[in-house]
Amino acid sequence: MTTPLLHVEQLTMKFGGLTAVDAVSFTAERHDITAIIGPNGAGKTTLFNCLTGFYRPTSGALTLTHDLGEYLLERMEGHQIAHQARVARTFQNIRLFEGMTVLENLLVAQHHKLMRASSFLIGGIFKLPSYRHAEEEAVMLATKWLEEVGMADKADWLAGNLPYGDQRRLEIARAMCTDPRMLCLDEPAAGLNPRESAELNQLIKNIRDQHGCGVLLIEHDMSVVMNISDHVVVLDYGKKIAEGTADEVRNNPDVIRAYLGDDEEEEA
Amino acid sequence: MEYFLQQLINGLSLGSIYGLIAIGYTMVYGIIGMINFAHGDIYMIGAFLAVIGFTAIGLVGGLWTPLAVALVLIIAMVFTAAYGWVVERFAYRPLRGSFRLAPLISAIGMSILLQNYVQLVQGARVKPISPVVQGGFELMERDDGFTVNLSYMQIIIIVLTLVLMIVFATLIARTALGRSQRACEQDKTMAALVGINVDRTISLTFVIGAALAAVAGVMVTMYYGVVDFYIGFLAGVKAFTAAVLGGIGSLPGAMIGGILIGLIEAFWAAYFSAEYKDVAAFSILVLALIFRPYGILGRPEVEKV
Amino acid sequence: MSWRLSHDGLREVLMVMMVAMLLLLPMVGLRTVDSSSGLGIDLHIAAVFWAVLLIGLGKKSLVAARENIPVIAYPAACVMLLSGFLAPLPTGFLEFFALAGGFICLTNAILMTLRGGRPISKNSFGEGMDVVATKIQAATPQVAWVMFAIVVALPFVFPDRYVLDVSILILTYIMLGWGLNIIVGLAGLLDLGYVAFYAVGAYSYALLAINFDLSFWVCLPLAGILAAFGGLLLGFPVLRLRGDYFAIVTLGFGEIIRVVLINWYQVTGGPDGINSVPRPSFFGLAEFTRRPSGDLPAFHEMFGLDYSSIHRIIFLYYLILVLALVVNFLSVRLRKMPIGRAWEAMREDEIACKSLGLNRTNLKLMAFMISATFGGFAGAFFATKQGFISPESFTFIESAIILAIVVLGGMGSQLGIVIATLLVIGLPEIFRDLELYRMLTFGIGMVLVMVWRPRGLLAVREPSIRLHGLHGKGAKS
């Protein structure tokens, strides 16, 4: 058996007296879409924040293994996790560079590559050919991802002026421009209409199938989860209460209880 | 030992003044999360009003000293409060929801405006007043003749600060205003939804902060006897340091921070070098912000994602 | 159409007058003055009376414009404006206030009429300004060439000492503005202590030139490097701090440097500063003196001219022009490079930057150091131009002026900074009478810009790169 892409062991995150994530363990495979579900406040976003270095976990181990090496995420700084361990993420409440254009957003994501090509400053200041070439390539990669998310004609728009659905997709494209090995999506379908949501499912599947990138997906919409996820982890009050395929999880009595208990909240 | 005691007394009086100013910083920070850079200049206005008040009283023939002091205190508090109110209304309120550095830049503009306004209308020269309260107790005498003094002025400063602190703490803890303030600190939208007049609460916060700064201004005028239009800058930075040191947003923190800064300054000047005493204040500020930005009584913040 | 202000409007006017009275009565009305027996008081009740009246008039005009009552808005504005000329106003400032205020109120009333009675809101003002700013921004290349031509030709058209001195001053501030713009405009960090780097540059040049007898052309890069080093030292501990704390700490550092300059007599000469800072030579080939003391020939002899002290000024003028242009070139390039985009991204959203693997501390440090280098160059130039430096020249006010230029101009806009410098430094030079009110106007200006145009006059951002070219499809912004 090969090592899984991500191995979470006994992850715990406490805020003062509140335990937002409580001794959670699971694994995510390289070619899988792993869904993390659970009622509001279950600790899903907090789990992501631990994975991507925004919070330092109170305890536990997070191991990421891929072609570039093995990384102990809990010991790394946020920017190293993105840059070296190649974990990319999106945010529950979209975080784009709103005053910059779509293309610029995608180029910022390729910062390290371009920085190296500009030999830090000199190459860029004098517009050396090697730098110009790298920039052209970066623009090409950006264009490719814009086409993939169906926004090729909007490259020069200000990100802040995009309609909501486009903003969500742009955030995914931006994350993918960092050339990640694992992509963490925090409720990407929130606020999308059914058609957009279906397109999004296709996009996520493409990312898994064509880019060799494992996907970690937080999702509220059960139909999305059932449709595309290979593996589901259920959190409730910070604890993992179930794990398995979509079907297994759907019929798990604990999961039903957790969701029914929160039924009204879900409606609202 | 005697020397030490004397510096302790000096530091405490100075620290009380910084504490009074620091409250203004901390309250405003608590409620709208901005550094009111112009607060030091509000204090300077208070000090000028004290000069004007005492001079005017002196010119019309004088009054019984306690009455004169009380009168000047009230006048300074009322008029300075008006300045505090206008500054908030004119320079800060329109900026709520603007980009994040806007209020700070506006506050710097306000600070420059107030300084130059006072320079223009009152002149750039140092304003001296004749001592209002003189004398004091001689507490101790060392063999070589060095005496430890506790002046009446220092007693007034410390006692007045204590009284104000108690009144003020009660105000915040017991009254509707205090409750509204705390509600606005937590969440302005919710506060507005439950019927709190957010604008008025914020205005009142500025008014109270300005009034306390005015008291500090009056005390400083009486203590040192000289005032100029530039005193707000340094006092402002020191008081802000006090607020940060105590944990910005915390009222007892502001007082503790103020006293600490006063003590440090007094001892630094006494034992090290008087020239670098302002560097001491700035260095503490820098160190405090770097190593303990949440202060003595504050709690660390987690970056909200 | 109504002929009277609404009840609320009237109350607002009275309220404003009352508050003005409260503010002005003691501070303006009772002026403390030195007299033989300690302080005395001069009464200036007339000034208070007039000020409150003028404020009331102005407010009345504004409220009337808002309520679309031209029969009040226009007369009130005109009376205010005219009283600036005719009324026996007791001080120059009140005249200035009446004229400026009257002008603003009149403009406001006219705009109201033009807009068919719709008052001007902050939003509509912003949109209007955006249109103008976009036009100016689009014309930048042409404007820049015209300006360049004028600036290059200036010393030959006006070989006048005063004109050149003022131009040198303006160019110095433009250069400082462009330098600070990298920290404030691009990276979004509010640096209140930029003058510290300026000071480091100036003192580095003066001390190196005097103590080691190095020429200006050797000292200039050294001053830049030392300033950058200063930036590194200051930047390292403070760059993790939150925005407003960062601002205050930089202010603190600026002051610490000044106090050290004042007190470190042995090296800096204390408050007296450093005299006889060496003047620059003509690229190490000639000197700008009548009879050179060293072995270099005199400039005027070298070129067969008559001696004139203006030669040096012209040389200094071109020197600062070149320095400023270099800074401009580098800034423009940097903005279009990955690092510039990363700075701007950081200004927009630091958290998103972190999630993309950007090392915020390093990026900020780079901005700090590059900006400091430019400040250091400007400082070295200042020292050699003045021939004398003292801590007086490096106060917080100086930082505030440079910051105001950046903020007013439109953060991140090169042309905006030029325009702002002309306004902030140039105007007061032309209207010398207003010198007294310069800083006052300045403070008001900063507040007004934040309230009405928080991103600055020319606050439209030109994308660093376009996929579809300037007129491509969907270039909506």
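Order of writing sets the chain letters: A, B and C. Residues in each chain are counted from 1.
The criterion applied here is as follows: a residue touches a chain if its C-beta (ideal position, glycine included) is under 8 Å from a C-beta of that chain, and two chains touch if they have at least 3 such contacts.
Keep in mind that this is a model prediction, so the values were computed, not measured.
Peer 1: Quick check on this structure: which chain has its C-alpha centroid closest to the centroid of all protein C-alpha atoms?
Peer 2: Answer by centroid distance: C.
Peer 1: Tell me, please, which chain's centre (mean of its C-alpha atoms) is farthest from the centre of chain A?
Peer 2: The chain farthest from chain A, judged by C-alpha centres, is B.
Peer 1: If you tally contacting C-beta pairs for every chain pair, which pair wins?
Peer 2: Chains joined by the most C-beta contact pairs: B-C.
Peer 1: Suppose each chain is reduced to the average of its Cα coordinates; what separation in Å results between chain A and chain B?
Peer 2: Centres of chain A and chain B (C-alpha means) sit 48 Å apart.
Peer 1: Report the inter-centroid distance (CA atoms only) between chain A and chain C in whole Å.
Peer 2: 44
Peer 1: Using the average of all C-alpha atoms in each chain as its centre, how far is it in Å between chain B and chain C?
Peer 2: Inter-chain centre distance comes to 30 Å.
Peer 1: List, in ascending order, every residue of chain A touching at least 2 other chains.
Peer 2: 54, 91
Peer 1: Which chain B residues touch at least two other chains?
Peer 2: Chain B, residues with two or more chain partners: 303, 305.
Peer 1: Which chain C residues sit where two or more other chains touch them?
Peer 2: Only 351 qualify.
Peer 1: Could you pull out which chain C residues touch chain A in their complex?
Peer 2: Residues 330, 333-334, 336-339, 341-342, 344-345, 348-349, 351-360, 461, 463-468, 472-477 of chain C touch chain A in their complex.
Peer 1: Taking the complex as given, what residues does chain A use to touch chain C?
Peer 2: Those in contact with chain C are residues 52-54, 78-84, 88-89, 91, 95-101, 103-105, 107-112, 114-115, 118, 120-121, 124-125, 135, 139, 143, 153-158, 161, 174-175, 178.
Peer 1: Considering the complex alone, what residue numbers of chain B touch chain C?
Peer 2: 34-35, 45, 48-49, 51-53, 55-56, 58-59, 75, 79, 82-83, 85-86, 90-91, 94-95, 98-106, 108-118, 120-123, 125, 127-130, 233, 237, 240, 244, 275-276, 278-279, 282-283, 285-286, 289-290, 293, 303, 305
Peer 1: Touching residues of chain C toward chain B in the complex: what are they?
Peer 2: 19, 22-23, 25-28, 30-34, 38-41, 93, 122, 188, 190, 192, 237-238, 241-245, 247-249, 251-253, 255-256, 259-260, 262-263, 351, 396-397, 400, 403-404, 407, 436-437, 439-440, 442-447, 450-451, 454-455
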